[in-house]
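What follows is one structure encoded as structure tokens, with my remarks underneath.
First chain written, first letter: the chains are A, B and C, and each begins at residue 1.
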Amino acid sequence: MLKKCNLVLYDPYKGRLKKPRSNGLTMIIDKGMGLNELRDLIDMASEFIDFIKFSFGTSFIYPEKILLKKINIIKDADIDVYPGGTLFEVAVEQGRMADYFKSVKELGFTAVEISDGTLHINKKIRNKAIKMALAAGFKVLSEVGKKDRDNSLSLEDMQALIKNDLNMGVYKVIVEGRESGKDISIYKKNGALDQNMLKGIIDEVEGKVEKIIWEAPLKKQQLIFLKMFGPNANFGNIHPYDIVAIEALRRGFRGDTFNYYLKEKTAGV
Amino acid sequence: MLKKCNLVLYDPYKGRLKKPRSNGLTMIIDKGMGLNELRDLIDMASEFIDFIKFSFGTSFIYPEKILLKKINIIKDADIDVYPGGTLFEVAVEQGRMADYFKSVKELGFTAVEISDGTLHINKKIRNKAIKMALAAGFKVLSEVGKKDRDNSLSLEDMQALIKNDLNMGVYKVIVEGRESGKDISIYKKNGALDQNMLKGIIDEVEGKVEKIIWEAPLKKQQLIFLKMFGPNANFGNIHPYDIVAIEALRRGFRGDTFNYYLKEKTAGV
Amino acid sequence: MLKKCNLVLYDPYKGRLKKPRSNGLTMIIDKGMGLNELRDLIDMASEFIDFIKFSFGTSFIYPEKILLKKINIIKDADIDVYPGGTLFEVAVEQGRMADYFKSVKELGFTAVEISDGTLHINKKIRNKAIKMALAAGFKVLSEVGKKDRDNSLSLEDMQALIKNDLNMGVYKVIVEGRESGKDISIYKKNGALDQNMLKGIIDEVEGKVEKIIWEAPLKKQQLIFLKMFGPNANFGNIHPYDIVAIEALRRGFRGDTFNYYLKEKTAGV
């Protein structure tokens, strides 16, 4: 990337894909970036970002002028942009699913998220939503997992939903991790991975892990996926201020993955 | 708020007040926003912000040029701005209370905070300070609570101070929570609320909870107050990057409050 | 600093040095600031910042245009700028040490960090690197400490490296704390200081603590050093959004150090 003043090094952790790519995706969670901050991010890191999500219902909170500007800045950088799944669930609960997709389209969003993290949504409505969103021309992401531990899905439930959504034609399935990455879905209280659930999900997609986006806000989680899947794991809920760091992590330019590369090399892998 | 491309939804958690309001206030803690960052925040979220506090003694640390610009950007957006209580305490300790109020006025601050979080200040001086600040035309906030757990106030002490300050005519009383929201005042080590202290404070104000601003930096704390008081609880020490998220939380556009709304609805409340 | 509207107070915690200084240094860890954000920081806080480090290998990740602009904005404010030690280690591992220093110089960096936080680097190569960097005109910082607890240095190892590096002529030795300040080098799992290691390091430099930069990202860590060494301790890995707060902390304008000043005063110190 450096031309004039070439830092003549290569990536320790090789094979990071360039855009456009359908694996190695990074989805940013935007909880309320201002316009200058967003422009800063795009100027610096548009190559590293595939999706920006306006988290939960924040799309409905912004002044319209700001919302439209944010959407356009992101689209102009060839990054997909979509409102958080909670807004979709509010629309379903209010009986306005079709209106929701229509206005989200008019606002300029390029993708939508179909989720049931809070609301109970039966499979018929879920599938209708996916069909409607696909027909409207959205890049459709579905999310699997509940936002409340007291109401969590079993592995079998998650597997069934993943299978269903991929059969319906969604672009990727997001595995819920919330913003904290703790005590939710595949994560234990301290943020450690539930290896059994993880294995079950990987088995379900028959090793095609590129179909899954892992919400993995914590570095220790990202590291596990990078060791398992290489530099092109798909990550969701990455905070904007972590985007350069995570790209460095992917490519082996951070202690954690550089160390992993060294151990593999020593072991003659 | 969306006109052209109306997202035809309503607030799940109804009744959020618009500005100007005297309840449902949000006070932002500014630990050192730069000018562009501050302008970003104002453009995006001025409707959601009632007070910006330049935390502890940071007002004294900025270059004067920056300080004056920050104050003016905030005032122009009809948001009150004031220096943290620690700066007031430093002035008292140095015997310069009158000079402090005078220069704070000249700098353009619209409010002040009277506190004794670190310094021991007797009631006579406290009341003199409140009188002096009111006479100078400030919106006067007082704070109750010590910054050091080894030196914390009993419920009875807090109640007496709240009663005193409201009788003296302060606009609101802030209940100390620091920036961390942990192991201080009404918060336990893990950030959980001390229900006994909370109840005692609510009793003291005879249910007029709009007189209290709760420093509540953690989402789980905000959620408790929103469930107890509705969407218009008064919050202090909210981080700038959380402002859109907290407004979404107030109005039910986040999983946590959307879920609470659903449960109330199911229960037929 | 305030001229027109003088807040006529003095620093509770006296003696903070102004720039240029060789003690009381603050090194900022930049994980990916955008250009506006960086300009904001510089406008507001250039007097408080001595070094900005582009953390780990992020220098290699940025688009070249952004990298060059960032370097120039920082240099123009008389702040030293350097790439994280991990990038140096990658260069050594790839057998490109000389090329690394050459291109880092061409890019405009003013300082370099010699470290072995991840890679095993023997003393001969370490000393060759220090010599080469000094000869190239860099301000040379060396770092002592491993990034991985399973592979940590004993106090004796740390002392030997500190002695070696100072004899070799480095400007300062950085004691590793990572970004988290936990479970690494001189820090225990909860971020508390290992007093034995701390004392051993201070003994090794015969009380000349100004030769050491302590990576101390947590406030409770900064507080310990400020109590031990006064307002001019050298701090590393300070997050950009904490820079005004830490300057306030140094000078006694925050509850924690204001409280310490009051206790010292009461004790007649």
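FYI, a residue touches a chain if its C-beta (ideal position, glycine included) is under 8 Å from a C-beta of that chain, and two chains touch if they have at least 3 such contacts.
Small disclaimer: the values here were computed from a predicted structure and weren't measured.
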item: Shared interface numbering between subunit B and subunit A [over half = same, under half = different]; value: different
item: Cα superposition of subunit B on its sequence copy subunit C - rotation in ° rounded to nearest 5; value: 120
item: Subunit A and subunit B, separation of their C-alpha mean positions in angstrom; value: 34
item: Per-residue overlap in subunit C, given as positions that touch at least 2 other chains; value: 36-37
item: List of subunit C residues in touch with subunit A within their complex; value: 31-37, 55-64, 66-68, 86-87, 89-91, 93-94, 96, 99-100, 103-104, 106-107, 117-119, 147-148
item: Residues of subunit A that touch subunit C when the two form their complex; value: 1-10, 12, 36-37, 39-41, 43-45, 47-48, 241-245, 247-248, 251-256, 258-259, 262
